[in-house]
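Scroll down for the structure; my scribbles are underneath it.
Letters A, B and C name the chains as they come in the text, with residue numbers starting at 1 for each one.
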Amino acid sequence: MTQHSFTKTMDWSDRTVKTLSFLALGTGVSFLLLVIVFVLQESSLGSSFSTNLFDFLVRHAWAPMATPPSYGILHAWISTLVITGLSLALAIPMGFGIGLFLSEVAPRWVQQVMQPALELLAGIPAVVYGFFGYVTLVRNFETWFDMPAGECILIAGVILAVMVLPFIASTAAEAFRSVAQDLREMAYGLGVTQFYVTRRILLQKALPGLFAAVALGLARALGETLAVLMLAGNSVAVPRSLLDRGQPITALLATELGETMAHSAKYHALFASGFVLMIVVLGINVMIWILKQRFLEHSHA
Amino acid sequence: MTFQLETTYSRVLEGVRQVPGPAVSTFDIHDLSVAFNGRSVLRKVNAIALDRHVLAIIGPSGSGKSTLLRTMNRTLELTPDARVTSGDVLFKGERLYGNGTDARLVRKRICMVHQKPVAFPMSIAENVLFGVRFHKNWNGRRKDEIIQNCLENAGLWDEVKDRVSEPASRLSVGQLQRLCIARALANDPEALLMDEPCSALDPVSTARVEELIVALKRQLPVVIVTHNLAQARRISDQSLFLYDGQSLEQDVTERIFTDPRNGRVHDFITGKVG
Amino acid sequence: MPNTIALSTVTNVTGKRAYRLSVLRDRLWRAALWTCGLIGFLLPVSIIGYLIFEGIHCVSWQFLVDYPRGTPLGSQGGVWPAVEGSLALASIGLLVSFPLALGGGIYLSEYGRSQQFNKTVRFLVECLAAVPSIIYGLFGYAFLVVFLNFGISLIAGALVLALIMFPILLIAVQESLRAVDDVYREMGLSLGVTRVYLIRRVLLRKAWPGIVAGVVLAVGHAVGSAAPVLFTASIYFSKGGLRLDRPVMTLPTHLYHLVSEAISFDQAFGTALVLIAGLLIFNMSAMLLRRLGGGLTR
């Protein structure tokens, strides 16, 4: 007999729904892609903004009002790096600690209390964090350190650390939990202490998941706008100390966009900065994706 | 329709027990071959199932019993990469894998009960009516008639008659399986397929389901896949032995269990081979 | 296999001192972890507590329904137009993005063409979900406000929020549907029903809790975000009255304005509290909805 293929006879209702849902998917995804394409387009067009990449990133200062106007984001990405670095330096150890706590030490009821607590932390809007940081730290810094205005990159970094903490903590907890139970039982069965087990086994086995946690926190920190806008100080000079004011790329965009005329040179410069930020964050996400795949393989091993 | 059966199956006709009227063939499987992703799973399987008889499909695990069952109501294609490569399944003379056949209509007329019973997220009554509401094959029956009849036939009515509007998820596993049977019966099927219906059940529920099957066979053909030889012996009229994707022997159950022709079948029955 | 465990550090020196040392280290370790956990718990509690403490005297029914007053504007009065604006933005955004995400999620989970296709789409969507919201604001400004000439308006802001919410909703729908055991599909389809009927009567009901959770996440994220709305929809003061082509006040932008112009910290505490309380109430009522809607599916 000849080969029989399976004719999927679909009802007209099936066919309609399949088409409609595909269109829905297509529409949504297309608009998302449009964002990327549009930002790219708006950043490279415009001959009045024809600086090369190196100058833009490193040499020029941000002085759109000067003659000739100069567009460079050195101060911005340095601020971004410092603030992000600081926040991760604080949030990673704490986040891993909480993750280990949740997966190894905490009794059931504590886990159930911690989970909503972390969700709460993650759910507080950025502007509220900025406000909180302002009324607690900024004002006090003015008295403690004798500063005319308390905003500085230190405060921005600290608050950003708190914002990023729940993401790192829950991803890390997941990573630790996924380490197979039998590995643990084998180790404990040899009579070693918990600290020992952690050091030798857990950290190793959970490594891909931990990388994912860090990458997640990093992406989140890089993209934060409002909190750093309110706390870092918005100065176009390159910061030299932690108590200096800074202006990460996101804050730069937020500050300058309001006063920009469409399609002016500054407009294109802002889009270019946005594009740089977007590329970096996308790159980190590609890395997270790759790590997640390996992470999944590991936990099934 | 009465068929002139080939002489190959003449032994099947002999000693057919308690069949009112002539033995009518419902399922007629000819040289059926199925492949999963190129890998051959069923090879030229031949079998028949008679109306108002229970056919048990037995054999070691992995021999393709469930696969064969699923070709009989066109649920095979729900598994990705599964294809019928040759042969056909006829049901009352109609080709199931013919070009014009609508799979959904096949599944409406031939219903299947699965191994793991599962309740749809709705009340017991709505579960029973699930297929009926879709196909709208009320056939002059009223809603509560169907619910009561099918639940009675499935042996569940007494236990749930006061709570048919409650969520079905509260039933025990044994009750759920009977609910699944009721649900299948509500569709007014012309044949019932069962894939290891008792393997997830405790002995008491198993006994009830077996009673059910024996009662049901008075109305329609039942084909049941089972790995439990004792069960096959208890409830089936005929047995088909599948080994490694091939149909080795089909015969009246008593005959297969006491005096099988095929050596492999003999080894399996006597427990020499698992 | 822990094949490299050297037991020597514990049992080699059979002296009691080595053993006591390692036990001590273990105790310290556990204490450190408990401290981390404690801090992790205290942080949200103290932040919220502080805001409540400072802001509760400011919040009243009057505060919610009154318009901003005083000189400078906003130092007294209430936040009603901001509440109105936030609600409007979120609802319109949800109205636009939810059907698309529902359809898309259903397609990916039930009709998806191939594993590769699904994975690619998922990858795209997850990456785009991570793009900073200010970039969406940038896009919204350049494309919706300027290019399409919507102007700074409610509709522009709502569309930007819809863009931001779409990936979250899509992933929630797809994952919730995927989580439904395949047995349900087999069982339903083998009774001869169409996929549409199956999705409608069985799968969506079972996926409902997960979908609601996704909606809560998406809406919470949208309501709280100021960055994308700042240049696409918000205005510092409005006399109320929502129109699609007019800008609106929103709670987060109002809070930002009060702080950055140092207008009134009292009002700011009140605003922050209203925002947080609103989000909490929303979360809790959604949890209720999950229980109710998913009631038959347990």
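FYI, contacts are C-beta pairs under 8 Å (C-beta built on N, C-alpha and C of every residue); 3 or more make two chains touch, one makes a residue touch a chain.
Computed from a prediction, not measured in an experiment: that's the story for all the values here.
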| item | value |
| --- | --- |
| Innermost chain, where centres are averages of C-alpha coordinates | C |
| Two chains sharing the most contacts, counting C-beta pairs only | A-C |
| Centre-to-centre distance between chain C and chain B (centres being mean Cα positions), rounded to whole Å | 49 |
| Chain centre separation (chain A, chain B; CA means) in Å | 55 |
| Averaged-CA centre spacing for the pair chain C and chain A, given as whole angstrom | 15 |
| For chain C, residues contacting two or more additional chains | 194, 197 |
| Touching two or more other chains - residues of chain A | 11 |
| Junction residues of chain B - those touching two or more other chains | 104 |
| Complex contact set, residues of chain A against chain C | 10-11, 13-14, 17-18, 20-25, 27-29, 31-36, 38-39, 42, 94, 97-98, 100-102, 104-106, 110, 113-114, 117-118, 120-121, 123-128, 130-132, 134-136, 162, 165, 169, 183, 186-187, 190-196, 198, 200-201, 219, 222-226, 229-230, 250, 253-254, 257-258, 262, 267, 270-271, 274, 277-278, 281-282, 284-286, 289 |
| Chain C residues touching chain A - in the complex, by the definition given at the top | 1-2, 4-5, 7, 9-10, 22-23, 25-26, 29-30, 32-37, 39-41, 43-45, 47-48, 50-51, 54, 97, 99-104, 106-108, 111, 121, 123-128, 130-139, 141-143, 146, 163, 166-167, 170, 194-197, 199, 220, 223-227, 230-231, 252-253, 255-256, 259-260, 265, 268-269, 272, 275-276, 279, 283 |
| Chain C residues touching chain B - in the complex, by the definition given at the top | 181, 183-194, 197, 201-202, 205-206, 295-298 |
| Residue numbers on chain B that touch chain C, as the complex places them | 73, 75, 78, 104-109, 111-112, 114, 116, 118, 120-123, 130-131, 134-135, 167, 169, 180, 183-184, 187 |
